[in-house]
Every structure is written in C-alpha cells, then in structure tokens.
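These notes concern the structure reproduced below.
Letters A, B, C and D mark the chains as written, and numbering starts fresh at 1 in each.
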Amino acid sequence: MYECDKPHEECGVFGVWSESDINAAHSIYYGLMALQHRGQESAGIVVCDTTGPIGNICSHKGMGLVSEVFHDDKLDSMRGNIGIGHVRYSTEGASSLENAQPVFLNYLKGTLALAHNGNISNSKEIKDKLHREGAVFAGNSDSEVIAYRIAKERLETNSIEEAVINVAGELLGGYALCIMSPQKLIGVRDPWGLKPLCLGKKGDTYFLASESAAIHSVDGELIRDIAPGEIVSISKEGVRSQIGITKDNKAHCIFEYIYFARLDSKIDGINVYDARINGGKALARRYPVEADVVTGVPESGLTAAVGYAEESGIPYLPAFNKNGYVGRTFIKPNQSERVSSVHIKLSVLESVVKGKRVVLIDDSIVRGTTIAKLIKMMRKAGATEVHVRISSPPFLFPCYYGTDISNNAELIANEFTVEEIRDNIGADSLGYMDLEDLKEMTGDLPICRACFNGDYPMLVRKD
Amino acid sequence: MYECDKPHEECGVFGVWSESDINAAHSIYYGLMALQHRGQESAGIVVCDTTGPIGNICSHKGMGLVSEVFHDDKLDSMRGNIGIGHVRYSTEGASSLENAQPVFLNYLKGTLALAHNGNISNSKEIKDKLHREGAVFAGNSDSEVIAYRIAKERLETNSIEEAVINVAGELLGGYALCIMSPQKLIGVRDPWGLKPLCLGKKGDTYFLASESAAIHSVDGELIRDIAPGEIVSISKEGVRSQIGITKDNKAHCIFEYIYFARLDSKIDGINVYDARINGGKALARRYPVEADVVTGVPESGLTAAVGYAEESGIPYLPAFNKNGYVGRTFIKPNQSERVSSVHIKLSVLESVVKGKRVVLIDDSIVRGTTIAKLIKMMRKAGATEVHVRISSPPFLFPCYYGTDISNNAELIANEFTVEEIRDNIGADSLGYMDLEDLKEMTGDLPICRACFNGDYPMLVRKD
Amino acid sequence: MYECDKPHEECGVFGVWSESDINAAHSIYYGLMALQHRGQESAGIVVCDTTGPIGNICSHKGMGLVSEVFHDDKLDSMRGNIGIGHVRYSTEGASSLENAQPVFLNYLKGTLALAHNGNISNSKEIKDKLHREGAVFAGNSDSEVIAYRIAKERLETNSIEEAVINVAGELLGGYALCIMSPQKLIGVRDPWGLKPLCLGKKGDTYFLASESAAIHSVDGELIRDIAPGEIVSISKEGVRSQIGITKDNKAHCIFEYIYFARLDSKIDGINVYDARINGGKALARRYPVEADVVTGVPESGLTAAVGYAEESGIPYLPAFNKNGYVGRTFIKPNQSERVSSVHIKLSVLESVVKGKRVVLIDDSIVRGTTIAKLIKMMRKAGATEVHVRISSPPFLFPCYYGTDISNNAELIANEFTVEEIRDNIGADSLGYMDLEDLKEMTGDLPICRACFNGDYPMLVRKD
Amino acid sequence: MYECDKPHEECGVFGVWSESDINAAHSIYYGLMALQHRGQESAGIVVCDTTGPIGNICSHKGMGLVSEVFHDDKLDSMRGNIGIGHVRYSTEGASSLENAQPVFLNYLKGTLALAHNGNISNSKEIKDKLHREGAVFAGNSDSEVIAYRIAKERLETNSIEEAVINVAGELLGGYALCIMSPQKLIGVRDPWGLKPLCLGKKGDTYFLASESAAIHSVDGELIRDIAPGEIVSISKEGVRSQIGITKDNKAHCIFEYIYFARLDSKIDGINVYDARINGGKALARRYPVEADVVTGVPESGLTAAVGYAEESGIPYLPAFNKNGYVGRTFIKPNQSERVSSVHIKLSVLESVVKGKRVVLIDDSIVRGTTIAKLIKMMRKAGATEVHVRISSPPFLFPCYYGTDISNNAELIANEFTVEEIRDNIGADSLGYMDLEDLKEMTGDLPICRACFNGDYPMLVRKD
C-alpha cells in the first residue's frame, strides 16, 4: 500500500572483511536483512576465501527477498572470509535476474566484484566512450559500466585504489560502492555525500554498510561515516583512507532522514529517529491545531507523530491495526468487491478515534490515494475532524540521484495547490513541512533539497 | 521470536452465504487473511455453487500462509456463492497437508464440509466408539471425527441442525464450527463460550467469523456474537437460531483479549483494544513505579503499555524498531555468530531509552528468553532501569481447549518465584497482572482463567 | 503421438512382502517403473514396518511419472518391509491427486491400503447401498468404495481373507487388487481373469505384480499367475491361496497381448512377444502382398512386423528414427507451422523405403490420423507402395472393464468400411487381423473379444 | 546406461533467418528438439525482431532439456524473426547456467549472439592475450572468448564477415558457429571440417543446423553442407558465401557416422544410416561367425546389426525390450539391491535368444561394464553363444576437438588386448571394426581417425 505509494530508495550495500576464517556470507546475510527496506527486488552475495593459497570466489544472486534468495545450504556452501552483498529496488527497466548485483568480472589483474547504491547520471556517456574504445559488455546496467571502467583503469594504474579514485572522478550522480578486488574490501562515497555509507567493526572484522543499523545487526560497532568523496581500503595492511575527490557543495539526501533509512540508524552524525521527532515538532509549531489525539500512518508516519504530540501536548496514540501477514504476493481485490488493499493492510481502532479530533501524520503524499482512503476510514470509525500533517515539503522536481521520485510520483503538488490537495483527500486541514524547517531535522548538515526546490547539487541530466 | 515464545491459538474459521452469484472464495480469502494471526501453518477453502441445478463443490487446501496457498487463477476458478475457510496452527502431531481443513465428506445426504477452531478433549473416546460401530476414516484429526459423527447423526435425524445439536451435546472442549451442508451455512459455538464466533452481514450476504475484524475486512458489519451453545443456520429461509446446549458456567477464553485476537476485533461485546488498555491501567495501579518512559514489546505489549502510560502519567514512546521483512523462513543465526534472532527482528532506539528509567510491558512470559534479551538490549542502549510489567497472570496450569500453553510453555512460573524470574530475566522489578484485576479487562463477562488458577470449566482430560 | 491415439490400460499394481528388514519402497519403486507403461498420470506407494512392535505406516502419492513423484530422500525415508504401489492412467473424471492410489483407510481392525487395476461396473450401486447404510467417504473413486466395503465386511467376518472374498463376490467388472492389511499382503483377481496378476519370489521376499516383467525388474522369479477368482494371502504363515469365486466363462483381455503388456512379460502362460510374432504371421497368411520390405510403427507395431516378415519371407527393416527426447510436456506445433507432432517424434529413413514397396504394421487404428501421416511421410521419402496391416480386428464395441476404448476411440470402424478407411488413410491396401486368427496369438486361452464382437463375459453396464 | 558409457558430442546449434514476421523461436525450439541427442545439459535461444525500426532482442536459457527450459508462454513471448539456439553437453568444468549458450554481448557495433559446437584447443592462449590487452569478461567459457574476440575484431574491420574470418584464422580445434549480428545470420565451420554444419530452406526462410534432421524437423529442405573453412552470411542481400580459411588436410569426424549423429541425417553427402549399414557389412566380412540370430544394443548398435545380418545372411531380430520411461532422474539402485541400472532400462526377450547362437553388435566399448551385463543377461535368457562385434576400432588416443573420449573413457583398449577384453566382458568372440574398413562407411570422404591411430589433423594441445 503505502510502500507502493512512496518514493523508493534504489539499493543497499554491505561488505565484510576479516583475516580470520569466518563465514562472511552469514554476516552479509544478516546485514542485508537489516537493509531489506532499501530494496526488495533482488539480492546477491559474492565472497572470496583469502585464507588459502587461491582466492576461491563464490557468488549467488536471485530475485526476491534476502530470505527467499538464500537458503541454509546455499549460505553454508559459500565459503569465504571477505565479501560484499546487495539488495536492489529498480526504477529503470524491467526487473530481472540479469540486473541483480553484485556485478562480477574477471580481467588481467584477476577478479572484481562491485555493489552499487545510487544512480550515475552520465553512465550513458561513459558507456558510449567505452564502446568506442572497443568495450564489450554482457549486460546493460550502470553498475556493470562502473565495474568495467574500474577494471580498465586498473590496467593503467599502480593500485586498485588509484583506479577507483580516477573513475570516481568521472562519475556524476549519487553513489555508494562496495568493491571486492579480490583480497581487499573498498568503499567509496560520492563527493556530494548524497548516498550514505559507513564503517563498522567487531573484533578484527570490518564492515561497510549503507546504514549503521546493518552493522549493529551483526553485533558490530559503528566507527564512523565514510566522508563524501572518501575512499577506504581494508586489507592486511589495515584500513587506509583518502579523500579522492572534493566538491564544495555537500548535499546529503534529506529523504534518508524523512523516510528511507531505518529508525535506528545514525547517518552522518544524526540519529534518524531524532530527525523525525524534530520534524514532527517543527510541524506542530508551524501548523498547530486544536485536537484530541495525534497519530501516524504506520510505519513511516509514526515517529513524526510522536514529535508532533510532544510539542503540541496533544496525546499520541497508535490508531491503526496493521496486518503483518499482507505481503507482496497477496491478491488485490477487484473493483466489484469494494474492498480496498489499504483496508486489508490497515484498520482503524474505533476506541481511539471515535468522537475525537485527530491529527494524522504521514511522511509524504505521492498520488494521495492512500491517505484519502485512510481519512475516510477514520471518519467511518467516528473521527469528527481529521487534520493531516506531512513531514516533508511537496515534491516539485524529479530526483536524478537514485530515488524514483521522478517516476512513481506524478508530482501532484505541481498540478494542485495545497488547498486543492486538502480537498481531494478529504482532510479538514493540511500542512506540509516548510522548506525552512528542514534544518530542524538535520541541523547544520548540508542537505540536498532538489526534489523540493530544484536546486540540484550538480549539472542536471537532460533526457 | 515472540511468536514462537508465546501461547498460540489453534485456528480461525470464516463462512460466507449469499443467494446472489458472488464469488464466495474471494471473500473467504480476505476473511482468512484477516484471521491469519490465528494460524499460519495451512489454509483451505471449500465453496459450493447453489445457483445452478447441481450444487457443484470446489475445494483447495495447502501448507503455508493464505497468500501462499491461494493464487489468482486458483481463486478465480473456485466458483461458488457459499463456502467456508480455515487457517490452522497445530500443536499436536506433525503438521501436514492431510490435516489441513476444511474437512470434506460425502455420504447418503450429500456432502458436508467443516472448519473447526478449538480442541475436543474427548475425541479419542468418540472415535473409538465410532470405530467399534464400523466407522472407516481416511485421516486422523479431531475435525474429521466431528464431521463424521455429524454425517452419521444426520441419517437418524430430520435435519442437519438437529444432527449438529445432538453431536455438540457429546463434545467436551472448546470449539467454534463453520459447516457447509451443502446449501446451508451453519455456525456452532461450544456451550461454555470458550471459542469466539460471530455473525456479520453485507447486503444480502451473511458471514460467520472467528473475529469481527474479519467481517470488517470484507466491508461487512458485525451483527452479533454467536451465543455459547447456540447454533445458527443460514439458508434461503433466512437466519435461524436456537440454543442447542446450555451450561451454567460460561467461560470465555481470557487470552483472546490478552493476546490472541486482533486489536480491532470486538468479542462478546468487548473491544479487544479497550480490554488491553484497561489491563495496562490495572497494572499501573497495582505496580506503580517511578520512571521516565513506558514502552511495550511489539506488537503484543504495545496497547497495554499505552494504558499503563495513561494511568501513570508517564509518557508512552515506541522504543523498538521492528524489521518487518523477517518472516518464518529466515535462517536462524548459529551460536558462534553471537547474533540473536531477537536482535535481527527488533532493535532498541537509543534516543528513546538512553539515560532513562523504562517501564517495559509484555503480555506474557513463557520461557523468558526473549524478554531477557530485550532487557539486555535496553541496558546496552543506555536505559538506567528496566521495570517489566506483564499484562497476564503467570501460567500455572495447562490449557485443554485449543491453545498450546501446555506444550510450548515449560510453565516456568511453576518452577520459580516471581523474584527468581525477575532475577533470571535481569529486570529491576517485575509485576504480573493480578488474577483479581482481570475483571478490569472484561468486566462482568464470565471468563476461563484455568491456565492461571486450574479452575477448569469442565472435567479435565487425563492423558 | 501413437500413445494418445491408442487404447489405454488404466493401471498397474505391485506388492512386496518380506520378513526381513528390507526397504520395500525401493523394490516397489523399480517394480512400478517396470509397469510405467500401464499408467503415467500418478504414482503412489504405501509401506508398513512390521519388524517393530508397532506397524508404522508411511504413504506418498503424487501426480506424474514414478521418477517424478519419488526422489531419493523420500524413498529412503519410507521405512517398511512390506508394501504396495500403484501407477494410474485415468479415463473417467479429471485427473487429480485425490484420485491417486493406493487408497488408505483406518477403522476398528486397524489400517487397510489397497491398489486397484481395473474397472468395477457396479460400483455406483455398491456405493449407493453403502451410503444408505450410513457410509461416509472422503473421496469418490471406485477404489475407495472397494476398500471401504472390505473394511466394513471385515467387522462381520473372522479374517481379512474372508472379507475380501465376500466383497469380491459382489463386484462386476475386471480387477486385480493388491491389499496390505496391515501385516499381510493379499492379491485378488477377478473371476473372469480379465486383469492380469502374478506372484513372484526372490529369497524370502514375495512379490505381486500386474506383469511378470516387474518381478524380473527386481531380480525376482515368476512363480505363477494368480488364477481367475483366486485370492492369495502372504503372511508369516506363508503363502495361502483359495479360489474365492468361480465363473465358467473365463475371459482374459486380448489387448494385453496385442498392445498393453510389456514385450518381455509372460501372462497366463503365454509370452507376449510370441503372441505378437504369431499375430504377425497370421496377418501374413491372411493378407499376403508382394513387397520389398516389412516394417512396423514404433514401438507397438514392430514385433508383429517381425512375425509378418518371417512368414512372408520379405525382409524386416526398421524404417523410422524415433526421437527419444520428445516427452509429455513438449509444446505441440500450431497449425500455421505446418509441422506435425508425429513428424517431431518419428522420421522415415529414406535409405530404407526409397523406391520400395513397403508393408507397414501397426497394432490398431483408433482415429487413423497418425497412420495417415506416417503413410504420407513414407511416400515423401520415396516408398512406391504402402500396404498397411493391423494386428487386431476393428474396434466395434466399447470396453467396460478398464480400458478407454469406449472413450478415446470414436470407433471409426463402426462408421466406415475397411475400404473407406484404407482410402482415408491413403494406403495401397489394408488388412485387419481376422477375429478367427486371434487364437493364433493365444492358443487355447479363453479370451475376451468383446471390443471386437460385443460378446461380453458378463452383464453390460448401461449408463 | 549406454548413454553414460559412450563418447559424447558437446553441442548442437541451430539458426533461423526470415524476412517475414515469423516466430523464429518456435522453429528454433523444434530444431533444437531434433538436436537434443547432441546435448542435454542446457538449452538456450536468442531471437531478434528485425521487422520493426529497432531490432529488439530476447533471450532465454536454462538447465535441462529443451522441453523443460521452454514452456509455451515463454516461447510465445519471444518475438523475433531471426535467431539462434543451442543445446549443450559439457565435458569440462561444472555444468551451470552461466555456461549455457548462446553467448550474448553488446559493444560499439551493437549486439552479437553466438552458439558454438566444438572445442577450441588454443582458447587459453587467446584469452590470456585478450586479458593482457585489457579485456574484461563476465564468465569463463571458450565461447565467450570467441564472441569477445569477434566483437573486438569487428572494430578494426569493415564487416562482421571479415571479422569472423580473421578470428577463425586464429582458432585451433573443431568448431561450428551460428552467429546473429544483429540483423544477419552467419555460419562458420572449422577448416578441417571436424564439426558438421548445414544450410536449409523453407520458402523464404533459411536455416543453419548441426544436422540435416533438424532442418527436416521444421519441414525445411537441406540445400547443402557448409564447406570446411566456409563462412555463409544470410541477410537482406541474400546468402553470401566465401571460403575464409583453407587447410589441405580435411578431417571429418568419423564418430558422427558411427554414433553421434541422428540416423536420418545426411552429413557431408553421406547418409548416416547408410554408413552404419555399411559398417555392419564390413564387420560381417572381417569377422564372420556361425550363428542363429544377429541383434544390436539399442539404439546405437541396431543399424550396424541390420547391416551385419544382410551381409551374413543370418536373420536380424530385436532382442531387447527398452523401458522408454527411464530418464535422467531415476534413482539408481544401490549395491545391496543387486538390481542394475542396465537391467531396469533393458531386458532380454527370451523367445529371441533361448537356445540360440547370438551375434551382438554395439558401436563402441568404453569401460565395458554395460556390454558385460548385457552378455550375462543374454546367457541367463538362454543364449548358447554370444559373439560381440563393435562397429568402431578401439579408442587409443584422446580427442581434443569436442568429444569427451579423453575424459569419459579410461581407454581400456590401451591397457588390454582384444583377447583380454573379450575375456573380461565374457563374450565367446569379439571383433572390432578394422581401421582400414572405415572407408567402407564413408567412402572417399577424408576423415579424422585420431582417436584410433593418433594421427591428429593439427598440432596437439599439451596440457
């Protein structure tokens, strides 16, 4: 329901490096499960055994959730003490196994595996150039282009790190990469800091992950975020780091805090939970209203609702029952049945809303169909007023850096005024987060707000 | 996690009757999805087309969730305007397709399909008697015995209703039955009222369901609960009802309110949500404590936590992030990985508990391993004190009426004092719901509290 | 191709009894594989472990070939030293798992498993009577009715053997039964001898099988055929036998010799191979022709062709290449492709037929479409003449005893003269086996020729 | 059985080119089914729609038989009027989906798909060179190397044909290639003529195939064989041909005639059937014997047996019954069951061999275990003498050109004398085809006999 009526993150990446004879695939499995919210289309793991004389490599990818792609026997059979993994959500092209990651290549210097979160807006230009130089590809994803480009560059340079830095300098867009090459684990983050990536540790094992929650899920500790433009290389020589590329205008994606990231992650020094609580508080100050209860749309609106409640003094109460068994494969009701998918997933608790004036918080409005149904359900359950507060500003511009805001959204905020939207969804009042108030969520952190105000951190791709 | 460390309900039933040419299977599908929490082992639907000259019958059962067993084509192919469905959780014997319900039989009077929630404690005696009379069975479930017994009785009586009443009079235990025979839909509830069953309507379509939430999920309205010992028969003659068997000691299962039923159901006149809120309030009065925040174990402890917060004035805050993608099939971590299943499903929000004195509410303690891990996680996240409150009294006696309290639980409350349990789980204080306070949840409704005090409403089965 | 343009046998049965701790399921698996030609729709095995104190029973059935239904793990897990198995081809009703055999029941005297080859023409009458007596069934096959009737009868008799004889006396039609009850293995054959059943041995292990080839496949030796109306019971007391029912008019199915049975089986004292060779010789005497080469349609026409060649002195040569990889699941060509299924399975060897006068032998003509295509292919490959000889008389009457002649065949021989059929299929000459010549195949053995002359051995079922 | 005790061909290729809007995938499906005997491990099809403005490409590959990999929906969804297909048997490395063909690439000049039958003995050297030049590969098969090499060469040449010729000039070994690039269909054959490839036509549609039988299976006509070293290119300009590379020593693989190819194929002007008949005749002249019946091991020995019979005047009779349902997945009997896999697939017809002196023909002896079992079975069935004749000379040298003679065979002929082998297998006499007599099979056609005499047509690979 809400899942398909929301902007989507494209991917999550996870990497493990250890000198001991651990089963890296198991750690990656749990790391990817903790990142599953970032992509449910496909999952993959590549590991390498560096404890023996030959670095034997093992790879497995498949369509579906991590728990569907990897079964016990498969995981046990993947021997290797270092490795990388990937979960994918796709906005472009048909979803298919051939596009599942990590990408894997072999060339003169050996093997290269790469997992990529983000979107490269100049990948077509790079691929065309490579084609002209004689490149031959087996697939057609952005990620294969990056991996190929790095492999080629490696032939001209003295180290894989140097090759990665050179290639990163050519890339436009947002990206976080985990690379296994073949005995090293390398992490890279785009110079604007659009996509998150962090470093963790447990004993002598190192982790790279899109979010700190994934590091905690394997009992590791967050060491720090990778800096924008930084490349870290983990090998027997330890953890080496350098800033490969520098950009003056840092631009961390604000939607990680509003919706994408897990509530228990800490990204670039800021707790996602705190950011959402503070967003709710800002909403309460900007759009106060007399009401009896504050509630949120599960799960994404709940935390901002708690913040709104705290600031306003109106009590917070969960007002929905969520059916946790409704997964991706359930059969959607047809028209004649007058039963909506929303209703099958969520129902309103009459005791909470009956005779009450309700403040209902959600994180965004894409097409508005879901929120309209929820408001109707609330009124049917006896709510006397329903005031909607949205913990993000309206989407007005497409995102080119790895979310599907441009695709999924029909950007209704461009077509209608706030008052028209309020009328459409049937709310008594409607308030969107003010662009200025975003700083309440993330403080001094430089953020990308391009989807709200069109202020892109780099040259926009024109299709 | 919690799911496997909790008492379990054994089943959910759903029935549809319509004179129009509707696709009953679709309604049953959504009804069963709303009852999925009552059993995830197998699912089944039987429908009958009574609009044509011959009552054509179609049946499908399978292992797994409703959404796994029924795909679009299958559902569309199941033509019929009346039908019954079943979801199952099994405590006895191996789980297998042969034990999936509804049971289906054919005999002199035509066909009989039956879906059963509950447990018949004298089924072995009944089966032995039938065997001596020459009965031949294809399987070996309680439910087949009931269906067989009804079919045999039907040969001696003037109506299916009379047969059902006669058989019900022989049964000991808790049960709610949905029967299709073959043009009628019949519902029966045990005379003590142990198992819930209610009647609903939408236009000229009638529903029977274990819980009112299932009726709401198909856009129907709850008419009323079926009374203990009542039999309702829905046919072209309308809805006919009679009390088949009367027992003086009504005994509604208290665990429907504490844990089993959905938060948005209303059972025997009482909102499950209200009962849990009131349970939390009673806990707050009985075991007050100085604290900074009240929270609950998702999902089952959250509502009592809200009640505790309301009564105590301490703010309620969700303190856990739940990974909604962790399903039944994920690979459990092995010992060497020092990662617990609990930790993969739930993580503590540091911002909520750091430096705080926390009241943590859950609905029950079975083995105590889960709550112990959660307390540890809370302390690691910075909680200075963790006070545990349980919204049910300690389990001291096995249940014979269709939950698995006797099996799953090792009934640690029999082996340890409350102080010892507190020490085991590492809480700063521990308070169980007082037996006397249960009436705060359900008011004057006569309830079965046998699992707490051994006061069984009928003769106990001795194995 | 030919397979779906031929009469079909309905089933094959196999039983094993041993006092030693053997894995009976393995033997049944190979026995059923040797009987696979008798039914490819479903397969099933039931075994019982009689070596321990409790006779533990294990059952598995599934749709498809024996090698598809049973995998290694499954077979290994089926512990038991006695058991029965079944392969099924169905002519009546939809093919479904519920109709797969063996049938399994439990009742006062324990358990009963039954595998059945044949067709009971009065099963409806028996079932109606049982229904009136109060019987309750889980499915609706003939075989369940027989099993149920035996279980009921067992309650009134002193032994299972007595019960089986009493029930056999009520059955009309052709049948061969393998029964496991529960420590004995029992075989029964209809009193006319329509369906084959034989007894074999290897060390201290006994076998029952539809054909001797199945006994040889498990390295056993054929002891003898079960006599018409005989019941054999194998237990710790050894092999006991009695004639349960006697009929004067024995009537062994002639189609076992013409087409159904395996070439290497010996049924009722006659080698199937010899019968076919002799059939071919009779055809050569009855319908001689001047020709250069004799050939047969694979596989069913090859042996009669060898016989025709021997008698006529014209050399026999295989003239077709058969694609052994074309199974049940291949995609049939559509019209526009002008490629026929026949052509994909069979192709003509030009070197054999070019410029030659060919005698082409097949065992029967049902609709005639296949033979017409083969004749066309032969002419395209250069045959100057194609003379067709059929090693059975024309079908003129339906079969009620367990083949699908009445269903599959449109009995074209009733609608057209031999000359018209010859013209339709495009042959230069056509000769059917003469009714009188059938005795050349089976000597003095009394045979059922009802499908050719309407002379049924018992009262005909009228639907 | 025999299948795994025989030399194996590695692959079959098939190509279709049409200007009309046909569904090429359907034709390729039937073409591959006709070539299924050349490889059962994996199957794949790539098609291109050249009727629209953009040449849309569709690809599907999978493990298993053609009929398992391609289902109806899949085939219908593969739109395209030209395409290539492949069936594979692998001798080197683990069999896996990643090695399934056709190989597909994209590069500056567009796309390239390639299907390959054969073995390139210098592929490692070519790959190493490409790696040093900076090549990046996604997999590690010979075929990917060839495709990659052609794509690179295409950048330096004026046409794809020129590129193919240049690359072919570098390749050592036997190969037949089908290439789709992207609007042309190109066929190439190694300059020695080791691997077969032929051209066919039906209306305005052209075919390339490993064997003429595949062209006949889609109702096409064989035009001619592709000549050794020839490249044919089919496009809107029609069929263009040139000899790319010339070698003086042509060397057609003799095993296509002895065993690999279908009986109804014509390769390099010689009917496979005729070659086998003549081989049998040569055997009869070289090793005459007094006997009563000549027979062959199904299927591969049957035709030589017919030839032996014709020459010797001893009658030919099929002496085995073959169980056509025993596929790749059946469970092999374990030792304790004393049942052999051979026995489950084949049984001896007693009527044919009892009291007879038998001549038994097979095409080759690899390990000798199968023929030994068959001889034993013959004697058990009553044969008084068994004289074995083998329609090929003994294997003494490994094959480097795409069969698995070097791998599968332990080349027992190197370790034992003919007399010792005769004794081992238990035959009364044993005669191998004489090296000199091979010319009886193939006349003046220059053949490769390296596996018999070590006379390799090109430099031998040394591993």
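Here, contacts are C-beta pairs under 8 Å (C-beta built on N, C-alpha and C of every residue); 3 or more make two chains touch, one makes a residue touch a chain.
Quick caveat: nothing in here was measured; it's all calculated off a predicted structure.
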{"item": "Lowest number of touching-chain links that must be crossed from subunit B to subunit D", "value": "2"}
{"item": "Chain pair with the higher count of C-beta pairs in contact (C-D, B-C)", "value": "C-D"}
{"item": "Identity of the chain that, by mean CA position, is farthest from subunit A", "value": "C"}
{"item": "Where subunit A and subunit C are represented by their mean Cα positions, the distance between them in whole Å", "value": "62"}
{"item": "Chain centre separation in whole Å, for subunit D relative to subunit C (CA means)", "value": "37"}
{"item": "Centre-of-Cα separation between subunit C and subunit B, whole angstrom", "value": "51"}
{"item": "Junction residues of subunit C - those touching two or more other chains", "value": "none"}
{"item": "Residue ranges of subunit B in contact with subunit C within the complex", "value": "104-108, 131-132, 134-140, 148, 151-152, 155"}
{"item": "Complex contacts: residues of subunit A adjacent to subunit B", "value": "26-27, 29-30, 33-34, 36-37, 40, 65-68, 70-72, 75, 213, 216-219, 262-264, 271, 273-274, 277, 299, 302-303, 306, 310, 315-318, 321, 323-327, 329-331, 333-334, 337-339, 343-344, 347-352"}
